[in-house]
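This structure is in structure tokens; I'll ask about it shortly.
As written, the chains take the letters A, B, C and D, and residue 1 is the first residue of each chain.
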Amino acid sequence: MSLTYLEAIREAQFEALRQNPNVFLYGQDISTFGGAFKATKNLSREFPGRVFDSPISEDAMIGMAVGAAIEGARPIVEMQFADFSSVGFNQIVNQAATLFWRTNTPCPITIRLPSGGTPGSGPFHSQSMESIYAHYPGLVILTPATVEDAYWMLLESVEINDPVIFCEHKFLYYHLKSEDFGEAMPIGKARIARPGRDATIVTYSAMLHESLKAAEELRLDGYEVEVVDLRSVKPMDTDTILASVARTGRLLAVGESFPWGGVTAEIVARVSSEAFHLLDAPPMRLNSKDTPIPYHPNLWKSHRPTTGHISAALRDLLRY
Amino acid sequence: MSLTYLEAIREAQFEALRQNPNVFLYGQDISTFGGAFKATKNLSREFPGRVFDSPISEDAMIGMAVGAAIEGARPIVEMQFADFSSVGFNQIVNQAATLFWRTNTPCPITIRLPSGGTPGSGPFHSQSMESIYAHYPGLVILTPATVEDAYWMLLESVEINDPVIFCEHKFLYYHLKSEDFGEAMPIGKARIARPGRDATIVTYSAMLHESLKAAEELRLDGYEVEVVDLRSVKPMDTDTILASVARTGRLLAVGESFPWGGVTAEIVARVSSEAFHLLDAPPMRLNSKDTPIPYHPNLWKSHRPTTGHISAALRDLLRY
Amino acid sequence: MLSRTLEEKLGSLYRAGGRIVGGVYLGRGQEAFSAAAGIHLRWGKDVYGPLIRDQAGRIAYGEPILDTMRTYLGVVTGPMRGRDGNIHRGQPQKGYMAMISHLGSLVSVVSGALFARRLLGTLGDTVGATSIGDGGTSTGAFHEAINMAAVEKLPLVVSVANNQFAYSTPTSRQYACENLVDRAVGYGIDGHSVDGTDLLACLKVFRSAFQRTRAGHGPQMVVGRLLRLGGHGEHDDASYIPDVKKHEHEGRDCLIVAQQQAMDLGWATKAELDEWLKNARREVDKAQAQASKEPTPDPYRESWQALSTQRLAEGMGQ
Amino acid sequence: MLSRTLEEKLGSLYRAGGRIVGGVYLGRGQEAFSAAAGIHLRWGKDVYGPLIRDQAGRIAYGEPILDTMRTYLGVVTGPMRGRDGNIHRGQPQKGYMAMISHLGSLVSVVSGALFARRLLGTLGDTVGATSIGDGGTSTGAFHEAINMAAVEKLPLVVSVANNQFAYSTPTSRQYACENLVDRAVGYGIDGHSVDGTDLLACLKVFRSAFQRTRAGHGPQMVVGRLLRLGGHGEHDDASYIPDVKKHEHEGRDCLIVAQQQAMDLGWATKAELDEWLKNARREVDKAQAQASKEPTPDPYRESWQALSTQRLAEGMGQ
């Protein structure tokens, strides 16, 4: 049996609903219809009365989840696309994220954001918002890159007593497959997705796979590039990053969100500040371009980093 | 005559209204009442029919400004506090910021965000959101630190054919005074607020003044710290930053927004990537703490960077 | 006059019917309602902010079919130059607003344009119109914008196409009132209800709504009851639309109704209608042929600049 | 019974009247309306999400005066521990929600709590209540939340305190309908209108609203017409409130009205009322004296952790 990343997300929700009667799902078209991507397929049938279609009201959806969490429920909220969470932004960063700090009341909600670009999706169905949410205190930001992580991290999200922004990547939904869900790895730890000694790529989500391909390309040139999969961008596992850079002396941070600030700037800033002496070359970063995400696949392919861009950056980095 | 930072903002709006009949003001309580901070005091009387009280509808306020800009008007929108722009977030980052790129139609709107902390203001009347907005393509983010910049940059904002997020700092409203508005300096250029040779602080807005005080403290220890005032965080004047670091070899980035990602990470990442060889010590950064902004002044004083924190960081940096 | 109007309308309906290759979110079943609004708007003069299912309204408004085709095909000659696509197209400088995906957020933009025109003295007899679906009425953006338009008493007509579903979500999970038109009184604006499958009725109600708004009575809300005859997008088989019987009346095809009306009133014969359809098909084919020949965007020639102000652009490429 | 209710109410009104040192946003003129809602709620049982001007409602609900005082003084013994202040206080674990500043955004939180109780089987006969001002009704958050509560048919009472101004903004710049209660029908919920200066009337209308919502009739909207007797905050002299005459009726002090009502109905004599006032003052003074002695927060003992999950905290201090 082979499971996709999308199926892993469904299965994790199935498991969460099965294990804990306090879990419920709330989102647009997620009940009978099973969601725009079918991430909740059949769940309304398997768990009657626990999967709800919501009105098109992202602000109220998050607010309602916060209220439910206060009462001991553990809601999983699906945003139809990450991009639409901009409408629920205030409730996420000001209501959910501050609740515990202000009132000592835990806020166990999981917000699923179908994230990232796919061809032809355009400026409003392609965004990667992890950099935005990670800026705010009080949120946990997860960015699974594998089928296994999609499953285990979503399941663990529901157990976490804080608001989790679960950035699942739409490009991986069908592309990525695995035989089983393997072993759980704790949230907060990065993973060495590929060991190497000449340079370190720190990345996450769909960019992991582009990076792995680039590392493979560089192997043909005789380089061993280490690839670190962050898994969660906040908390960010600085120790694992620094240990890798200690081995390789070279850093390339790769992300799919917009280039100004965000995950890759945070990676580079941490490494430069905390492990300056370990660096043999200037740290580099690679992001999407500083424009909205283009509709036409020709443009889109150039907008986000892909294997070609990453290989080219690596060559620059290694040449230094 | 002595003018405050707040008066500069009023005067700039007066001048904008006077110079250009297409300018109008839209915001909560800004008409007869003159705004929560009196930044539009008397303007409704001086320019009848051009200063409007809006309903409490931040989303629609921004949308309406975009529509008006499309028709050739040049709206200045006041958010009562920067924090409330979270409700207009979607219209800012997805409607206003993408308009030109998508449709080739300029979007000359200025959004004034009374930003930053003051004692007792708490989590929702103290935020600095420049790091959030700067992440998005299509926006210009201004962060004036002086009375002169408050005046000239606001006046220039209105002339810019793109959406401008004007982050004016509430702590400076009354504290900061100047004899006159001096000379305009173009947006996009940073300013050496204090020359030095031993270390560079790159900062902006209210943190400029804390940084200048810290630099003064360090002078007593015999150090000459250069202080760069970014003025606009996006575009960020990398050339001026790098030229300063070339002189001093040491970098400390100071900002008031939350610590994860954002302006200081961007500064450190740029310098590390583009001028690695110029650095004699690991670059450092200083931000607010990673919690909501506290209500009680005791906590608040420790939450954001102040002279003491900056001096301590500088000493670490210089000791390296 | 009415006949002429109707003629244009039917033409547009046909074209909307013989719809575009690559189109994804269709307005099948909503053409009469959409076109009846669009026909009251003057291309290049009035402000129009159409939504997903307003192909018919767009044509009635005056958008050239070629622009539609170019946008769907993403060629650089189209108004969106491949940067954005399909239903997001528009030409804001002409008053033809380009929606973003976030439902509800276009209403305030259309309002802002009208507000500015009044302020700048360019309003004249122009008006604005925009649309929303039953689902979109649940957004805060929609509420804020309607309320603001009411406060500003703008000359705006808002069509609410209640097609009984928002994607798969039935109205029972979207709102709890009897009829969405009941919201009008709470905003202090005029509300109109109409059978959205009946072209003549739609024309009539929109004519009166536009008259009223032009006469200074402020925003008008027109709620049309109809049914989306198809999936949400072309990928969707709409298997969740449960009992066709339940939707018997709204479920009738407004296009067939309109043709019958045209014949009954003697505005067109069956032969003429067939001829229009043929012409429409020909026109669509022609546009498609033309657009297909045109160049798709080239990333190396793309400016990759989100700002219009060159000197402030950072050019943060890879 | 009614007498007892009223007694508690008056007590709370008095306390609300002899209000707290350091308080900034007062509910003067709104006590009757606020308390009439709060009195129907059971501390530790029902869900209450009060807003800025609900001091009276909070007391009627059962919040200890000492918590109020501690929060205003920012001492660590208060429910907010100096981290947040004044009107933002609450104890969510008890069903007493702690508002954030963003108007409208608490309504969905209160709804969510009720939704969860129903789902988890803990609802029983409990209900929820929350408030909004005339200005707050313009927020998208408010609209989305009310609509959602209506769809979910939650046992929720929403008080709309129409005090004629939002900060300085008169209702003519806030909405265009006749009466905000006209929005109820558009949400498909019950609407009630009341003279917010008349305690007896307020008690009556809220009693019926709470009865109806408890009986399964879904959300209830109660609109009270009144006037804010003072500035928006204590820094504001409200010089923009133009013609007192215009607001003659709403402008009367609900507290005086209530006292008169109590005496007319023989529930209390003038002497008793005076005694209550004295007691209230004493209680407030006592709370103030106690809270003043308690420690303010110490940044060195503060955890500076925004997450409850220790192992996921980054501790990004300076």
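Observations on the model:
The rule is short, and it goes like this: a contact is a pair of C-beta atoms (placed from the backbone, for glycine too) under 8 Å apart; a residue touches a chain by one contact, two chains touch by 3 or more.
Since the model is a prediction, treat every value here as computed from it, not as a measurement.
Counting hops only between chains that touch, chain A reaches chain D in a minimum of 1. Chains that touch both chain B and chain D are the following: A, C.
Ranked by how far their CA centres sit from the centre of chain D, the chains are topped by C.
Counted by C-beta pairs in contact, the busier of A-C and B-C is B-C. Between the CA-based centres of chain A and chain B the separation comes to 30 Å, rounded to the whole angstrom. Separating the centre of chain A from that of chain C, both taken as means of CA atoms, is a distance of 36 Å.
Centres computed as Cα averages put chain B at a distance of 40 Å from chain C. Inter-chain centre distance (chain C to chain D, centres taken as mean C-alpha positions): 43 Å.
In chain C, 80, 83-84, 88, 100, 102, 138-141, 144, 147-148, 151, 173-175, 305-306, 314 are the positions where the chain touches two or more neighbouring chains simultaneously. Counting partner chains per residue, chain B shows two or more touched chains at residues 54-55, 57, 59-60, 83, 86-87, 90, 94, 97-98, 101-102, 123-124, 137-138, 234, 260, 289-292. If you draw each protein chain as a dot and join the dots that touch, every dot ends up joined to every other dot. Taken in their complex, chain D has these residues touching chain A: 79-81, 83-84, 88, 90-93, 97-98, 100, 102, 105-117, 119-120, 122, 140-141, 144-145, 147-148, 151, 305-309, 311-314. Only residues 28-29, 32-33, 36, 52-57, 59-60, 81, 83-84, 86-87, 120, 122-125, 259-260, 286-287, 289-292, 294-296, 298-299, 301-303, 305, 309, 313 of chain B touch chain D when the two sit together in their complex.
Chain C contributes residues 138-144, 147-148, 150-151, 153, 172-178, 180, 182-189, 218 to its touches with chain D in the complex. Those residues of chain A that touch chain B in the shared complex are 83, 86-87, 89-90, 93-94, 97-98, 101-102, 123-124, 131-132, 134-138, 234, 257-258, 260-266, 268-269, 272-277, 279, 281-285, 289-292. Across the complex, chain C is touched by residues 21-22, 24, 49-50, 54-55, 57-73, 75, 90-91, 94-95, 97-107, 137-138, 140, 160-162, 187-188, 234-236 of chain B.
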